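These notes concern the structure reproduced below.
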Amino acid sequence: MAAPGNPNVTKLFERRLTPADSPLAVAGTTALAVCVAMGIAAIFFHHYGASPVQAYFGLFHEPFGTLHGFGYALVRAAPLALVALGTIVSWRSGFYYLGFEGCFVIGAAAVGWMSLATPRGPHLGPLFLPLAILLSLTVGGLWAGLVAFVRVRLGGNEVLISLMSNYVARFFLQYLVSGPLRAPGSLPETSVLPHDTWLPFLVPGTRGHAGILIAVAAALLVWALLQKLPLGYELIVTGFNPAAARYAGIEVGRRMMLAGFFAGGLGALAGMVEVLGSQHRLMDGISGNMGFVGIIVALLSRLNPLATVPIALVYGGMSVGADAMQRRAAIPSSITFLLESLAILLVLASDIFRFYRLNFTFLTRFKWRVSPGEDSA
Amino acid sequence: MNGSTLMVSAFFAAWLSASLRLAGPVLVAALGETFAEQSGILNLGIEGTILLGALASFLTSYRTGMIWTSLLVATLVGVAFSLFLAWMYISVRASQVITGLIFNVFALGLATTLYRLVLGNVAAPESIAVFQPLRVPLFGRIPIVGPVIFGQTAPFYLTLALAVVAQLVLYRTSFGLALRATGENPAAADSAGISVHRMRYLGTLLSGAGAGMAGGYLVLAQVGLFRETIVAGQGFIALGIVIFGRWNPLKAALAALVFGGCDALQLSLQIIGTKAPPQLWLALPYVVTILGISGLFGNRAVPPAALMKPYVKA
Amino acid sequence: MKHTLEMKNIVKRFPGVVANDHASFTIQAGQIHALVGENGAGKSTLMQILYGFHSMDSGEIFIDGQLIRLGGPKDAIALGIGMVHQEFMLVPTFSVVENIVLGLGAGAGAMLDLARASSRIRDLSDRYGLALDPSAKVGALPIGVQQRVEILKLVYRDARLLILDEPTSVLTAGEKDRLFAVLRELGRSGCSIVIVTHKLNEIMELADRVTVMRDGRTLGTKSISSTSQQELAQLMVGRAVQLHAVKPNRDLGEPILRVEELCVADDSDVEKVHRVTLEVRAGEIFGIAGVDGNGQSELAEAILHLRKAKSGRIFLAGADVTRMSVGERRARGVAYVPADRRGVGSVTEMTVADNAVLGLQRRYRRGPFRSARDARHAADRLAERFGVRGAGIDSPAGKLSGGNLQKLIIGRELTCGACMLIVEQPTRGLDVGAVESLWKELLLARQEGKAVLLISTEMEELLNLSDRIAVLFNGRILGVFDAPFGSVDQIGLLMAGIAPSGPSSPWPRPGTRT
């Protein structure tokens, strides 16, 4: 048995050469980070006179304990999941696209226009939805594909270009709803879209609509693409190591542009789902920042397509719960944003702790020094 | 002067005044961010930092009524939060894009929560102590442009001075040279004995200072109040200005004027009532920025070569 | 006699290898001292220790008899030691003067005085014949001039000992002469210069003294006048080679690979392969000998199309594939084991199973879908046959040690059904047992009628496996030898650039930079 206290251990925290990456280490640091975030949020809850337990319960009860709330959770989750899927496809291919706000808006605008432009009378009927999906995939795909083209052929930086392109799309929508598509009246928004073009409601009595089904289908398709098709393999290799991809005969440029096309299509699909399922009209700000929150959902899903819908549900549900909390207990919903983002930041930061080893023997060293007489090993 | 000339000059004056007013805050944020990006760090978190600076300046002015102190507090708050961001970017080596974006959400949550917390049930104050437009004796009386150029608030002139200082520091001091080397070729900087980490920390802190001050500027010299939506994307506009200005402080000042001008134009045009949609003007600076960095027209605006790339000592 | 600098019994270990094994080295003021050896001899490591980049495990360094301690490059610079690396440490968007004064700031707020610096640069530049324009942008300068900027950086900081690491590998003949003139001038002014190189022909002309290193040890120091290239080459390269591979005789088949007048440039547009013509037949192992950096990688990359050739043609089994992409060439039967295992030959973040089908992903499928199951079977078979150990097939390939990863890559390329196999540094970092089994596999491929282009810096490997050996130096084939290979001396001389008396000159004609 080793003597208590190893005089060679001089530090409490010792830097390792490679990070500890056992599942236990990863889970441990992640859990620690989340707990710290919850603890900090609890301070805020306390200030409002709610016990943290009560608050956390209330946060989850509304969206997951009531039917009505669950419907809203579904509404919030669908577009988030779709944006997350777009993020996954593009980022895993090495194309760091951030223009989902723009794709969202473009998709919503295109579908909104199509909905308003459908002639009265004999409607397209059941054809409308497939056409709407096709349209949004195409416009979104072209929108993002353009950025991908610039990245691949001209070497432009897609992070900065896609961020800027969000503004162009937003202003375009502003123009549409203040001008050509504006409903009579003074508000910058279109008239309500014809009911036949709405997404069907899933659960009677709630606002939960079929958009979530589209999201689920998309998640399965993206999963199948990445895991089951040779194309997906090539995208993933391109994302990890473009040099190795070229070595393997993969046309890196083409794959990246394809990834951009898919990603843009998914982002636009999110816009379609929001406008046809929830808002039923076009207005400025229809994206509600979902183009960015969806990216966060993708990160929380660890870029795994199958996790996007559940995580989007949790995330969307939490925002529903936060709203309910605000209505009932006057606790500002912003605490939820605070909690969520803080948790993610701390999880990101916690990665660094896996680079350090906690030396417990260092602690016993003091014990040994203080009472040398007890050393009997 | 006949009627139409009068109208044109009035329009022009109004437009110019609005342009300068709108350009100020984003410029000071862009100046700070220029230092960060020149050192190789893309700090997307300035959007959130501006908001936190705005809140800090509001609360300080609300409590103390001292405007310069409030501006200073805003700047320091910006520095404090960017210290955390710098730690994430440089020491933790987390993805700069992801960290910055999430930080913005965090800042929104924190600012909103703190605002409600501090004000509690008190109704939002009617007004707080703010900067008043200056009245410069002689120059202020030049017809049309006088009141516009010489009648801005103090932070505006401070920002202009900072732009000049930033240009000098970046291009005429050895610190600026070292900072730029860190963003172009960190290995070369390292072998020259420069601490890449230290430079990048400083760059990020400067961007935090700029963003914090921009928040104070917004509250104390533009809007006069705090709202959660007071920033509304101006942090990202500042990023656009940095690029449009080719990572050069003086050019960024011109770029800010262009962005501000287009923004003011669409406001002014609405008063006149023209056919072209105002959004065209709003979108124009962004389109031009995109064209600038995409390489479509040769001579692509090239970011610092090591931008967004973490540096690990070999 | 006054010694400027002495390194004594330097020991430096890296995981798995002793880079410096009690190496000693002495240089005097005003001398140009060459440090020669093959790849892996330890010369770069020794100099990096001197420059403060690495710390030594044991040993001592003395300057003028005083023991010195080097904590980092800053200490070395302060002592007057400076190094010009193979990869220049320059900021392309800065001007010459900005690059030179970088890091010399006296305090954070110090204003740059570029005018004064520029005039000092002009003075130094005139004195040593460096001919630099201080205001020129470095990125626009040719490589030879950039090197001068690096040298001037050191001179500007009053460096007394300049270390140059393989300085001529990026220069044309004219630039080389220029460089030598500068170095001689510096030597005359009292600087000491160390040149790390493997090119013996050059140092015969330039250096005063030479130290040979091999396998981490310094074999001795001689003055140039008292030795010859042959002697140095022998010390550098020659060792008793155990020929223990059994190579059955084969009838050679059709030419599978034919390369005609191939010219390839590297990323900086420096021509690295100059009008190379060669032919590899089925059932033949064609070895390419040469020290790293003489164009081997560029040649191999051009054959697979990872790098575009500037001119020349490539034929595979009679068909002109010069314009074909990587995928098309692979489909026609080219396989490649690159020197860079982790950066090019594998994707370390993906599983071993995924890596086993890299390049073959369209082959392992059922209908339109990937068959992960088939991929895993392939991985299992590879792991078993080639002894890949250390991680299961579902673990990330990054967990494999270098040797095991190499076995995976070689196994994959050997079994993919290619008719032409290019193998670059296949056994680098492998233990003896693995080396032997890989040699067996390569000979088996030869037996099966594949054409193999073997690029290696290991003489033993080339001698054991090749049917023919060509020596690549400065991008040119200097000579081709047939098996059985007599003494290694001839080959060694060519590798060091020493042409046997004959019409072929290893140096490019002046002005042949593309």
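So that you can tell them apart, the chains are marked A, B and C in the order they are listed, and the count of residues begins at 1 in each.
Note that a residue touches a chain if its C-beta (ideal position, glycine included) is under 8 Å from a C-beta of that chain, and two chains touch if they have at least 3 such contacts.
Worth saying up front: this structure is predicted, and the values here are computed from it rather than measured.
**Student:** Find me the chain with the mean Cα position closest to the mean of all the protein Cα atoms on display.
**Tutor:** A
**Student:** What are the two chains with the top count of C-beta contact pairs?
**Tutor:** By number of C-beta pairs in contact, the leading chain pair is A-B.
**Student:** Averaging over Cα atoms per chain, report the distance between chain A and chain C in Å.
**Tutor:** 46
**Student:** Between chain A and chain B, what distance separates the C-alpha centroids? Give it in angstrom.
**Tutor:** 28
**Student:** Please compute the C-alpha centroid of chain B, do the same for chain C, then give the distance between them in whole Å.
**Tutor:** 48
**Student:** Enumerate the residues of chain A that touch no fewer than two other chains.
**Tutor:** none
**Student:** Touching chain C in the complex: which residues of chain A?
**Tutor:** So the residues of chain A touching chain C come out as 227-230, 232-234, 236-237, 240-241, 243-244, 246-251.
**Student:** Inside the complex, what are the residues of chain B that reach chain A?
**Tutor:** Going through chain B, the ones touching chain A are 42, 44, 87-88, 91-95, 97-99, 101-106, 108-113, 116-117, 228, 233, 236-237, 239-240, 243, 277, 279-280, 282-283, 286-287, 289-290, 293-296, 300, 303, 307-308.
**Student:** Applying the document's contact rule, which stretches of chain B touch chain C when the two form their complex?
**Tutor:** Against chain C, chain B makes touches at 172-175, 177-178, 180-181, 184-185, 187-189, 191-194, 302, 305.
**Student:** For the complex, give me every residue of chain A touching chain B.
**Tutor:** 44, 47, 96, 98, 150, 154-157, 159-161, 163-168, 171-172, 174-175, 178-179, 292-293, 295-296, 299, 332, 334-342, 344-345, 348-349, 351-352
**Student:** If we count contacts the way the header does, which residues on chain C are in touch with chain A in the complex?
**Tutor:** Against chain A, the touching part of chain C is residues 304, 306, 325-327, 330-331, 336, 338, 343-350, 354, 358-359, 361-362, 365, 368-370, 372.
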